[in-house]
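A, B, C, D, E, F, G and H are the chain letters, set down in written order, and residue numbers restart from 1 in every chain.
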Amino acid sequence: MAEVLDELLCSSGQGSTTAVASTPEACVDLGRAQRCGFPEVVYGSGKTPQAVVGVFDALLAAGQSCLATRVDEDQAAAVRDRFPEVIFNETARTLRISSEKQKPEGLVAVVSAGTSDLPVAEEAVETIRWMNCDVNLIVDIGVAGPQRLLSRVEQLRKADSLVVVAGMEGALPSVVAGHVSTPVFAVPTSVGYGANFGGVSALLSMLNSCASNVAVVNIDAGFKAAYLAGMVARAAATVPADS
Amino acid sequence: MAEVLDELLCSSGQGSTTAVASTPEACVDLGRAQRCGFPEVVYGSGKTPQAVVGVFDALLAAGQSCLATRVDEDQAAAVRDRFPEVIFNETARTLRISSEKQKPEGLVAVVSAGTSDLPVAEEAVETIRWMNCDVNLIVDIGVAGPQRLLSRVEQLRKADSLVVVAGMEGALPSVVAGHVSTPVFAVPTSVGYGANFGGVSALLSMLNSCASNVAVVNIDAGFKAAYLAGMVARAAATVPADS
Amino acid sequence: MAEVLDELLCSSGQGSTTAVASTPEACVDLGRAQRCGFPEVVYGSGKTPQAVVGVFDALLAAGQSCLATRVDEDQAAAVRDRFPEVIFNETARTLRISSEKQKPEGLVAVVSAGTSDLPVAEEAVETIRWMNCDVNLIVDIGVAGPQRLLSRVEQLRKADSLVVVAGMEGALPSVVAGHVSTPVFAVPTSVGYGANFGGVSALLSMLNSCASNVAVVNIDAGFKAAYLAGMVARAAATVPADS
Amino acid sequence: MAEVLDELLCSSGQGSTTAVASTPEACVDLGRAQRCGFPEVVYGSGKTPQAVVGVFDALLAAGQSCLATRVDEDQAAAVRDRFPEVIFNETARTLRISSEKQKPEGLVAVVSAGTSDLPVAEEAVETIRWMNCDVNLIVDIGVAGPQRLLSRVEQLRKADSLVVVAGMEGALPSVVAGHVSTPVFAVPTSVGYGANFGGVSALLSMLNSCASNVAVVNIDAGFKAAYLAGMVARAAATVPADS
Amino acid sequence: MAEVLDELLCSSGQGSTTAVASTPEACVDLGRAQRCGFPEVVYGSGKTPQAVVGVFDALLAAGQSCLATRVDEDQAAAVRDRFPEVIFNETARTLRISSEKQKPEGLVAVVSAGTSDLPVAEEAVETIRWMNCDVNLIVDIGVAGPQRLLSRVEQLRKADSLVVVAGMEGALPSVVAGHVSTPVFAVPTSVGYGANFGGVSALLSMLNSCASNVAVVNIDAGFKAAYLAGMVARAAATVPADS
Amino acid sequence: MAEVLDELLCSSGQGSTTAVASTPEACVDLGRAQRCGFPEVVYGSGKTPQAVVGVFDALLAAGQSCLATRVDEDQAAAVRDRFPEVIFNETARTLRISSEKQKPEGLVAVVSAGTSDLPVAEEAVETIRWMNCDVNLIVDIGVAGPQRLLSRVEQLRKADSLVVVAGMEGALPSVVAGHVSTPVFAVPTSVGYGANFGGVSALLSMLNSCASNVAVVNIDAGFKAAYLAGMVARAAATVPADS
Amino acid sequence: MAEVLDELLCSSGQGSTTAVASTPEACVDLGRAQRCGFPEVVYGSGKTPQAVVGVFDALLAAGQSCLATRVDEDQAAAVRDRFPEVIFNETARTLRISSEKQKPEGLVAVVSAGTSDLPVAEEAVETIRWMNCDVNLIVDIGVAGPQRLLSRVEQLRKADSLVVVAGMEGALPSVVAGHVSTPVFAVPTSVGYGANFGGVSALLSMLNSCASNVAVVNIDAGFKAAYLAGMVARAAATVPADS
Amino acid sequence: MAEVLDELLCSSGQGSTTAVASTPEACVDLGRAQRCGFPEVVYGSGKTPQAVVGVFDALLAAGQSCLATRVDEDQAAAVRDRFPEVIFNETARTLRISSEKQKPEGLVAVVSAGTSDLPVAEEAVETIRWMNCDVNLIVDIGVAGPQRLLSRVEQLRKADSLVVVAGMEGALPSVVAGHVSTPVFAVPTSVGYGANFGGVSALLSMLNSCASNVAVVNIDAGFKAAYLAGMVARAAATVPADS
């Protein structure tokens, strides 16, 4: 236990797992990559463009990859001015700079029914790329068009884990999960009208899924589902320490 | 308009569409069969066994078919004592005596995912039989077992209308509706636990169905979905007046 | 079963029921008209004007009727530029081009209480016209003015099915259903204030209707109720195959 | 203002509007009849039989009428032992002893759709009798059977105020209110199943009534609606002080 | 019953209780004043200025008083252009033209806690004036400032009925009702923040009031509470027919 | 910070703030009295009688006071067999053994409207006694009977803090808080029926209180409100360290 | 009791506890400081800039401190024009003028997880300063970063009471409360997305806290939590009258 | 795609992935183990003891492991009669017969706060054993007792994935997740009272977790969380095919 406490205590120190970098508007947790497996992520909503640039600066200086979600045009412009290599995915509203040069490990499939769920699905895609996994985006699968899902089953089975994004009645994760033997991370979206109640309808469907391999995240939380799916894919793709 | 008012006004009279029969505990609307196409139905819950027997007596005396839903053992015993020919469906909790001798017209398919939804599905089946339609009960279709639905598609397409019963995430109606070109009457059931909220999860799924041909009835309302499906099947099976 | 699977499998092929047309922004399901009885419908919300024009192009090239719902002014202008014959219903927010030259079959009555429910009622009317049924729109029936409903009962009884649109307390479908022997497809609207909760009050009323012949669709879903009512009216108006 | 304060302050004294009587389990507010127009009422739920008897003793000693609501068999037996003249309405679950010898003033109509709402309707009836108003109970009016309401309109119009009791979709108050020019006090009941949510469906319908003359009380609160309706009826039936 | 039906049937005729006046955008129910005691009221929301002017024209031509609620600046300007005598209450968002020359009958007290509930309270005040009752507006009573209520009790007791408007915790109606022996019509308002849920908190408080003489209307429905209170006040102030 | 960590780390040791006592079914946190000011409390629900006895044994051996809440008859009997001096409050469903011999410090007033809220109020009373504060229980204050509250205001002002318990509309805390200048800890109770939703109505009222000095705890959580009120009363009654 | 009533009655008089000052738009309760311990506070939302200035004028003339919450830019500018010494906290949206020259008494810690909860936390800070208590704002404590809380425990333990502000899952108050022996006033914020439902998620977490010393206020109600915490801190810091 | 369809089509055949075994009350999906990685599981609720025995018979005959959840005493007795080696976990309400002789692979930690969540935690433990993973059950971690979690951090970090079970405010998953770099599957339980709403409070907390590595399953769904965690642990413990 000494090790744990030591780590927790030296949080203001210079130890590798607890290193921090102070920017004018934020204190970047540089040790996070080592402690949790992945660097800190910027939740853009409500931050100034300068704040986002500042965190990217600090992360890159430490040789870490950068991801910002829910960014707006101004934040994107400011980051692009400073780091022309940044990838701004306008649909996903993400900014990403991958420092990794290694070959991606693990494969995640991101599935959604249609174009209206695309922003959430793209946020998941960007997250998975930032985690240095391979990603397979499949967007033309709808519950009401059964033939489309069947033609994709082989692809789905190749993935180490899945992110399934759905609004309205949120049935897609259950239907997909019946075809695979890997965890399915379901993301309800706020897409729909009337009695969908901003995503509650899809959320309840997913929580009540009759498939055993469906876990759920918050409404529109493409990043979180992808983060979990990426963790699983990387664990599956890595040779265990004791083998 | 005279005709309408005349009919409405003579409700205590002896006109054919407004005939009534007084029993000790109820006033049976014998004209209903002619006005609405089908006789009055007994909602058993909370009635005495004698009350149920009384209504059946009056309906049979008028040559009409009888149906009682949500009946208990005592009601069933009392009716069976008086009318040994009654069909008591214990799963459906229904009592039925069909007076019709005519060949059934129209075909309704009643679909449910598993055994726990069976009481609601059986209530639908009994209702459709009482309406003198043919019925096809399919209970082994589950969203998570995709092959089972595929093997039944041909059967489903033969029906003039469908009743689809589902609890938990309530995805079955959407999935089934994608295979047929007839109205699907969806019944959410209270089966499930936790965040199913007594059927609300399935109800919301069905209301938000991405399929255009799904209409919804109240939670556990097998009778109502079947009544609507039977109406449609009979209309489809009948030669139009002007053809 | 071979037939079903064959159909499902050839979805990317040129078979009649599975034919598709690729437009720059969408893949139009041309086989849908044959499979489901009616062509694909465009849900305008969130699409570019060009995308709507593209689908209409593909459908008309295949000799099929076109319907777009929830369209805005820009989409309407773009479609009108390309197809001057299009009918833009501003109240309903729909675009429609009917290819059918045949006499309409089946009659649907669309009923609403007042002028505030009119957009939903008009969306239903346009949908029914696109399905080539006759439609009878009745908008001056209110629960609190009983004489108005009575004067319309004869008209209501002539329809093969009904769409009843209501906000606030949503009582109209129950009251109308007591006068007819056909299915009533009830549409709760978000019209009202305070404890109507965006249509939930009307939705619950309709689900709990004491009338047996009331089925419910999503809040403001005029299209869906009309689609179901049109299906029923056409089935009722068609001579059965085996008669 | 001296008068008001004087009254409020002497609450433990012997003044006429604030007189109290101590029983072993309760302190009876004997001044209430003079202050509020009607004596204190016993809410039986959770009280001992002796407590109910004690309050009745005190009220009768002061020459006041007695009413207890939501009583059980034991409470009823205890009161009947002591006061054989008590009226125990088993359906309403009320106990009542009227001390008044005066001719009733004012007329309230109590309306409900069917037999399942009867306990709430009967509680209203007993309350109105205790207030020494005339009451007209009409239980065979249902929204789905329009002719039944029409035949009762003349009766409804004779009342000085109405109590309308309804479960399920709760549409009856709106429909009744369209026929009268007096206040309608609507009572939603917990009768129904599925999406009625223990009376919430009926409650919301009544709150959203499109009729201007509908006020609402709590679910199953037959007493409260009747108390309000009785107040109105008595005020309407009394010659104003200054006329 | 003939009378009732006759009245209902002649709705398109020239009978006194069913007279109508057609305007370009509406069909004004001129018989309503005689049938229901008060003329038709215009719910301004969503209507064109011309439509409001049209109804006022028709009502005034028939010698009836006019009231429009939830009007905007444009509607107000249009009506004022045509009828300079109109009273536009900007807080209440109402337009009113009183044709009555008779002395007001009956007294209603309108009570609210503070300035934020004033629009709803003022809508109630205007409605009561239109009904030709006297009104007493009391706006400085708050639950948390107990002395303010006490100083107003005498005033409250003089009213024939009360309208009590409250947001936030909605406790005012219960507190006021304990001081009077007349019906209290409680209006929950959407004023507040956080867990007031747009008025639901106040609505539930009022429905659960421990006072027997509190009835509730929809959130922000100042008009409806006032209409009911005005009905009661006029009934109380009128000499009964048989006295 | 060393001190904090040291304390946290030695949790399995024999240090004074982290001492534990192992019983067959529980591990008693004896250091809690020193760390948090008060000993551990037993939540009886679902525990065996022996488990409750065991914890009391350990606490008394360490010279600490004992409190168990939500106990049943069997638990009470078992504890009384072992410790005849235990105080079993049947209404409160609590067991208490006070080890303290010191004079109580601080005064808490516990207020409730009527007898049905008494179990929650009594749980609060027992908790305050166990904390060795004085307590003043006032149960005859109701919102609808304004004179009763006024006669108690002087008493309420003497308390260092208040617990106010209320069901139904939950207005009492707001009304009481207007009379005092100390914190009011409000406890909503599940008492009521219909739209009280098991205490939600009272909970929302209290959260939306217009009084600044009202804080809220969970429904029926008499213990928690009393624990907070007792903390405040003791702090108020204690001479500050630096004075 | 004479004293209480006397005070309540003289509310329009010039007595010290009931003094008022009339401004054009408001009646300022100058006696409140003496009755309740602190002067009246201005809730800025919906008031004119002049109204805010008017109340500040009246309070300062009486030598009392001023606080306005939820103010906008215009209100701030107007007050600053008149009173250049005012402190406008833009994040908190408060205006404050402290008249007190005495040394602050009592210490409150205000804790929040991150920058998005800062407006609510700052409102709490300003309130505590206005109450003349010391305040310690700690904003970098997050549930998911356990080391950050540990490093602050010693600071937290020095406070007389705590305000803990949290959105999303609202877990921070429970976690903090486990480290202190003083009351924790928890403020749920509306910060978050999806299933946080505008703060309901955090609100429910806090109400269900397993820690005994957590009380809850309305969503975003930083002022109210601070007011309660300030009351406690001052009581704790003051020598009791009888010591 | 031929392979997929072939597999789906031969569902009634004897192919390895689609083999079935008919028992009197169920059709056991023997191919599931090969298709999905694990055999079919029996959800005991509502099944006859014979039905459970029948499925176990079929699975064991095919050399597969057996698991039944939510079983009652009668089901347990019947299975034990037939298979004395069955492990009946009374707390978990599970029956388990492991056929596997292989060394377990992968390690899952199951964490809960206290004894009341134990049934759900134990269901998770049994599920993980049935999946032939190692499991580490940690039940003495509570949010309010911070030292207990710290002492377990090293243990938690050794697991390949976690199941965290919590009722009341549901904060435990967020707190635990901050210490590990593996997926956390959070199970809200229905344990608590008042505003926990049968687990909704904990469910919302978990969905809104500020930790990126928390996924959620249905209320009380210990089996489902464990199934997902087991999948992850096995994937992590297995050498990838291509390494």
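FYI, a residue touches a chain if its C-beta (ideal position, glycine included) is under 8 Å from a C-beta of that chain, and two chains touch if they have at least 3 such contacts.
Nothing here was measured: the structure is a model prediction, and the numbers come from that model.
The minimal number of chain-to-chain contact steps leading from chain A to chain G is 1. Most remote chain with respect to chain H, judged by CA-atom centres, is E. With centres defined as mean CA coordinates, chain E is found 45 Å away from chain B.
Centres computed as Cα averages put chain B at a distance of 60 Å from chain G. Residue positions 1, 5, 8-9, 145-146, 150-151, 194-196, 200, 203, 207-208, 218-219 of chain E are each in touch with at least two other chains. Chain D makes touch with chain E in their complex at residues 1, 3-5, 8, 35-37, 41, 150-151, 153-154, 160, 181-183, 185, 203, 207-208, 212-219, 223-225, 227-228, 231-232, 235-240, 243. Partner chain F is touched in their complex by these residues of chain H: 115-116, 140, 145-148, 150-151, 193-196.
Of all the residues in chain G, the ones that touch chain E in their complex are 7-9, 11-12, 18, 27, 29, 46, 188, 190, 198-200, 203, 218-221. Across the interface of their complex, chain C is touched by residues 113, 142-146, 149-150, 168-171, 174-175, 177-179, 192, 194-197, 200-202, 204-211 of chain D.
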